[in-house]
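What follows is chain A paired twice: with chain B in the first complex and chain C in the second.
This part shows the complex of A and B:
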């Protein structure tokens, strides 16, 4: 059996043109997908039962026992942390936010370690953005700044930018220019018409220089800025101003290098400045397939997109104080629930040590690096393959994820709902 | 009135205590029970600290609060205070003196992040170092510190005086990255070194007695001036932001 137009539950591109072949409730073939998505659709390893550490050994336990233990850990905690969320759908994230409010927890998502600074910058100066369809059909200049779509979002260029046919673009190969800004000549840089090599940490300075040039104030700019010659900067500024529709995409090279949200703010203000001369937009290259969705869910429920502290009964938001890395670094949390992400594989060592030192529960279909840090792991259905729901693409477009395989595994949403119910029962019993 | 609060050592010293009620203003009203939050639990102050009150006060300015013990994780002390004095013997946690409009806070140790965030008046003196966002604003806010004065004898972290719109800040040591970013007013004096200072400033005045490394490349050179017996390079900017602020620095370097 073939199923068409399946959205891919891997990266923020959320490609929804994937074709899946299924035989005997198993995926036997994938078409249109990139290697990253393919690997996820065709992955076979998973955890079969809930597991719990008892006397230093992993033992298989029932869902009921695992949920009971999770509820006990979370309701005993004085500063519980609920982290992850980006690899599951909005319907499960909603229950997660209710859980956080119920137990006075801190709730944060993988946003905290990727585009957190983008959000801080947008809160300062706004977001001149657009959907990817606009870029595909109109953009005659595409700028990739601090990101390498060929490795991280393999179909971004072919679906939405460089190689995509556009309604208002006659010949996409000749009429679309590409600029790449990076600290090294990545694969993405090799297809660019103009490559700007910035010294590490120098993005802010280059962006300031470009802003001054777009304003017609080139005279104040020194001959070289962060490793980039002034003549090249002037050429790029002219390219930008001549474009009919420019689209900037930026990645973690901008958000997670020195200066963080100030870099993003400067990029946004460059785009604002360019909008006085022509049409320009800017968008973040979001990572997980539904990292944007968590920002949406938490914003409509708590008023803030990530890093919310419910410990005082109200939503308090202050990245740097209520964000996951800062909290773990300061050893604040005394219990942790990890859902649909793998901090064990990505976080700094000192923070991982703290996760391992406190009672931690993970809800995830697979054994991963975080499993080694946990006391309990509860396996679930794979979102976007075995369970349906809503995810948000990197440009904020909601897409319905499909269920293509039958499963006996419960969904993230079901497990979280059972944890909330159990905590309420425990509290009613005193 | 003299209030002495001594925080006891607690079982898990890493859990922060939020103590926004510790202000001279709160002690003026007798019926006030001072409560603090420890993680997601709320307790009367007596649960975490011993405290004694001696004498009476007819106005907030008659009240002096002395805070002792391990207070490095005690947050929001002096928030919204309008008068009186708070002295902290050790280190203090985040958000000390948030929004304060009057009075005096003296910290004998060091302060954590957001010291004097969005303060409007009064005086903060910190004898040790201060963390990130000293005398700055809140996330997404357009104006940081608006009035009063902050003096730090040690060094400060990143984003010091971000969005500052008024008041005076004196930093005896060095600053981290992006001091005075988005500056809109007020006067900041840095006696040590600083990095990427005054990025995107629109107004205000900043003096750097040490070295401004990685100068923002979009400041216009205006020559040299003598201030306080020292020769400063005068810059105007940030040109990228149509800014009209003044940056005076003794030394500067660009990232070329």
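This part shows the complex of A and C:
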């Protein structure tokens, strides 16, 4: 059996043209997908039962026992942390936010360690963005800044930019120019029309130089800026101003390096300058398939997109204080629930040391690095393959994820609802 | 030798992301990419092991020579190996320095730890399967 137009539950591109072949409730073929999506659709390894640490050993337990233990851990905690959320759908995230409010937890997502600085910058100066469809059909200049779509979002260029046909572009091969800005000559840089190689930490300077040039103040720019020659910067500034529709995509090379959100703010302000002369947009290359969705869900429920602390009984947001890394670095949490992410593999060592030191529960289909740090792990259906729901593409377009395989595993949402119910029962019992 | 190390996505890292305890993931996330000239200065070949040390930690990695990274810089896939040398300080932004980390690199014969080893060093317990 073939199922068409299946959205891929891997990265923020959420490619929704994937074709899946299924035989006997197994995926036997995947078409139109990239290497990363293929690996996920065809993955066979998973955790088969809930597991719990008892007397220093892992033992298999029932779902009921695992949920009981989770509810007990979260009920007993004074400063619980609920973290993750980017690899599940909005319907499960909603339950997570309700749970956070009910137990006075701090809730944060993987946003905190990817595009958190982009959100801070957007909150300062706004977001001249657009959907990917606009870029595909109109952009005659695309700039990838501090990101490498070929390795992180492998179909971004073929679906939306470099290799995609555009409705208002006669010949994309000749009429659409691509500029890549990076500290290394990435695969994306190799296919670009222009590659700007910046010295590490130099993005802010280069953005400032381009802003000056777009303002007509080229004379203030020195001969070389963060390793980039002035003649190249002038060529790029001219390309930008001549474009009919320019689109900037930026990645973690901008958000994680020195300057953090100030880099993003400078990039947004460059785009604002360009909008005085032509049409320009800027967008973040969001990573997990539904990392954007969590920002939407938390914003409409709590008013803020990530790092929300409910310990005061109200939603309190102060990144740098209520963001997950700072919280763990200060060793504040006394219990942690990890849902649909893997901090064990992706957080600095000092912060996961604290996760290992407190009672931690993970809800995830697979054994991963965080498994070693947990007291309990509850396996679930694989979202977007074995369970349906809503995810948000990197440009904010909601897409319905499909269920293509039957499973006996419960969904993230079901497990979270059972935990909430059990906590309420425990509290009613006093 | 002092280098500026950045971490980020690579295709092999992303392909093994659902199999974090596999040899493939370990290999994909424990390679440090260094310019040929820097390797020559270190006196080692591509594929030899190095001890990489920052202010926040130290870890053994495998080198791979490349022309795509300038001298003075190094690159590693995101993951538990990179995080063994990344600090938790966020400059009040919530975002740690996953890029532009100053590291000291020296040749070593020590083995590369497994992902489970790294998790147990910080107090975790490997799962048996």
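Assume the second predicted complex is superposed on the first by the 430 of 430 C-alpha atoms of A that agree within 3 Å, B and C clash if a C-alpha of one lies under 4 Å from a C-alpha of the other, contacts with A are read in each partner's own complex, and residues count from 1 in each chain.
Methods note: a contact is a pair of C-beta atoms (placed from the backbone, for glycine too) under 8 Å apart; a residue touches a chain by one contact, two chains touch by 3 or more.
Everything quoted here is computed from the prediction, not taken from an experiment.
After superposition onto chain A, partners chain B and chain C are found to sit side by side with no clash. Of the two partner chains placed by the overlay, only chain B lies in contact with A:220; chain C stays clear of it. In the superposition on chain A, contact of A:35 is made with chain C only, not with chain B. Look at A:317: by the touch rule set out above, it reaches chain B but stays clear of chain C.
In the superposed model, C is the one of chain B and chain C that contacts more residues of chain A. In the superposition on chain A, A:152 contacts chain C only, with no contact to chain B.
Between the C-alpha centres of chain B and chain C, as viewed from that of chain A, the superposed structures give an angle of 80°, to the nearest 10.
In the superposed model, A:341 lies in contact with neither chain B nor chain C. Contact with neither chain B nor chain C is seen for A:161 once the two complexes are overlaid on the shared chain.
Using the contact criterion defined above for the overlaid structures, shared-chain residue A:269 touches chain B, although it does not reach chain C. Of the two partner chains placed around the shared chain by superposition, chain B and chain C are both touched by A:120. Judged by the touch definition given at the top, the superposed model places A:212 against chain B, while chain C stays out of reach. Minimum Cα separation between chain B and chain C in the superposed model: 6 Å.
Common to the chain B and chain C contact sets on chain A are residues 120, 201, 258, 319-320. Chain A meets chain C in the complex at residues 10, 35-36, 39-40, 43, 45, 51, 53, 56, 58, 112-113, 116-117, 120, 148, 150-152, 154, 183-186, 189, 197, 200-201, 252-253, 255-258, 260-261, 287, 307, 319-320, 323-326, 328-329, 342, 344-353, 356-357, 366-369, 371-373, 377. For chain A in complex with chain B, the residues that touch the partner chain are 77-80, 103-105, 120, 123-124, 199, 201-202, 204-205, 208-209, 211-212, 215, 217, 220-227, 258-259, 262, 265-266, 269, 310-312, 317-321, 330-332, 334.
Remark: chain C residues 4, 6, 8-11, 14-21, 56-57, 67-70, 73, 75, 78-80, 83-100, 115-116, 118-120, 122-129 touch chain A in the complex.
Against chain A, the residues of chain B that register as touching in their complex are 12, 14-16, 18, 37-41, 94, 113-114, 132-133, 138-140, 142, 177-178, 181-182, 196, 199-200, 214, 216-220, 237-242, 254-256.
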